[in-house]
């Protein structure tokens, strides 16, 4: 009997202790729930901005980082108040369907096409369309995110622009269904190409002492622009949405101060985002 | 291979330097898993007792259902619970989504079949004479349940330890229902998923070490308890 | 005329119980009195254990009822708190001897003087508390384990103690010990006891009367009056045994002072008036306690209480009518000293 009682007491004590540890971190400010993408979260931008947001606006920002598709769905299901995503075509449809309101541009960065140093398909310096056409022609290995993320949507858009209809049925094209880092690694294993956002590439390169096996081959094409926007969940469809707080946050992030912060934010010494709120 | 060793080194450093991100995730994991195992035991132990002790029609079929649910994939549980606790779902008003409470509820559902099934087995393997003996000594029905569970305490505790292992090492439910929100609903496992997705293998290994330590401690305590009761 | 007899303890009416296909227990009528020590005897499979289990309210009958009569002024307790059963197939909880014995009290929420009571119960069961209280359940011999189970039930001070084959398959020492325990309980606590055994001789030594069972039915009473002694030499070369408040019983010389004498009920004459000057040497005054029809015969079994002893006698239906014998009536029992046969 004794030993059992000791264990139960210990378990209760640990639970109580962890309760207080958690509780100590309890909420200051008003909580705003945001859905954003994994690539956004991975840059650490939001962690950096969070305390500043709190002191400037009193908003305690909570965000879940998921794929773009899921982020939009969370908005549809009224599980969050606001979205920070980068899939303009999908966003426009979203607004039209009435799920989101008050869409404002926030910042942009770009995508790049990376591949092996030896560039077997010879795509260096081409335009995005040109590079993809060449890859398709040469049947070079291409790793796609395949997960309906912002990156994936952009990639599909680029294939369409290049006039190639369904690369997903080709043997040289695989869909990893995973995050960006893993997809890059898979591309590397097969000595192939992939489309990535610059921020992830910067991190990837730094983990390999800035001498990674896959290097930037195509960039600065206007079609590679990656636009981030903020969308408030429509309180007509979701009455519980904290619209006032969402507006406060939106106003803040497009303000000159916030915009400067976004532009100055550096990941491993390199600028990531270019603010372009109107 | 190098990153494994490097990761272990960095991991140990992270833990002992008191890195609050790390410890926050650990605390959330412990809190959620301890609460869910407690809830699962309170509901599941008596239910397992009923399933193991009494004869009634359909008993074998119910047993089979729970045995199947033992291997519930966590993402499936996560999806189903999300359907219920999402704002638009029937339990949306309870505001469980993206909270530790939500994780606890979903984890409890996940591990309940384990507790019920293994407790039923434990009770079934009790000596058949126990029930009658307790009645002749004047035990009430509630006392029979408690004493039987205590007689089978090693098996019941093993069930609890098994269920706990499932709770603390699962990702699917915590991710879906908790949302992996830093400081609030980030658990050891969702943190590992996040960090390795970002390429921070050191952090991933560190957290993995913690998870292993917790699992080891729990199992070791069970072995000690077994020895003590002999 | 309805006579309400508050000395009744168990009232069984139209009891029926069946299990696993063919076996059926049928007991239309059975009355057990408070403080009575009843034996149930019969071959294996006759239904002894089943009847005990029913009397212990461990099973529910398909038909009929068993009533456990409430004593006047007693506080109402749950059925299972008033009686207890020691199964042949007994079982100890996986804990120390002390905890096993204390369990019944714990579930009743009765913790006063626990240690003293446990120790006394162990002593009553013939186990030295100092040696045994700390032992674990698996550190006991078969006989010791059974005694622990017994102690666990004695400590409850139940109204009735039911024992199912208490001496089956145990060593002689334990068997004798259990016999002593039962006798002590009879005399000291006036506990109602119902004991089943296929060993009629042993059973006769611990019970007032024995019912026989076969194929799920009670076939009759085992007729023996068991006179345990102690016997001491008395006048005229006869030996005598004292009965409290009733005088003495005279018999021939027994083999030993504690020998068991058996008196066939058929050798006892019931008289309704005090007789004097008889050639028979035993004349005892008593009260009729109960009367029962003996199945398939014309006779009635009459139980007479003389002091602290009971005698089983038989009368014919006819005689009972003529002599106006009924429960509560004062009668005299007459029998020869030579009728007592030594075991």
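Labels for the chains are A, B and C, by order of writing; each one numbers its residues from 1.
In this text, a contact is a pair of C-beta atoms (placed from the backbone, for glycine too) under 8 Å apart; a residue touches a chain by one contact, two chains touch by 3 or more.
Because the structure is predicted, anything quoted here is derived from the model rather than measured.
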item: Joint neighbours of subunit C and subunit A, given as chain labels; value: B
item: Middle chain, criterion being Cα centroid separation; value: B
item: Farthest chain (mean CA position) relative to subunit B; value: C
item: Distance from the mean Cα position of subunit C to that of subunit A, given in whole angstrom; value: 86
item: Mean-CA-position distance for subunit B and subunit A (Å); value: 32
item: Distance between chain centroids, defined by C-alpha means - subunit B, subunit C (Å); value: 55
item: Per-residue overlap in subunit A, given as positions that touch at least 2 other chains; value: none
item: Touching two or more other chains - residues of subunit B; value: 229
item: Touching residues on subunit A, where the partner in the complex is subunit B; value: 3-4, 7, 11, 14-15, 18-19, 21-22, 25, 33, 38, 42, 47, 62-66, 77-79, 178-179, 181-182, 203-204, 207, 238, 240
item: Complex interface listing, subunit B residues touching subunit A; value: 23-24, 27-28, 30-31, 34-35, 38, 86-89, 92, 97-98, 100, 150, 153, 179-184, 194, 197-199, 221, 225, 228-229
item: Residues on subunit C engaged by subunit B in the complex (per definition of touch); value: 56, 58, 78, 80-81, 84-87, 89-91, 93-94, 103-104, 107-108, 152-153, 156
item: Of all residues in subunit B, those that touch subunit C in their complex; value: 127, 129-130, 132-133, 135-140, 143, 147, 151, 229
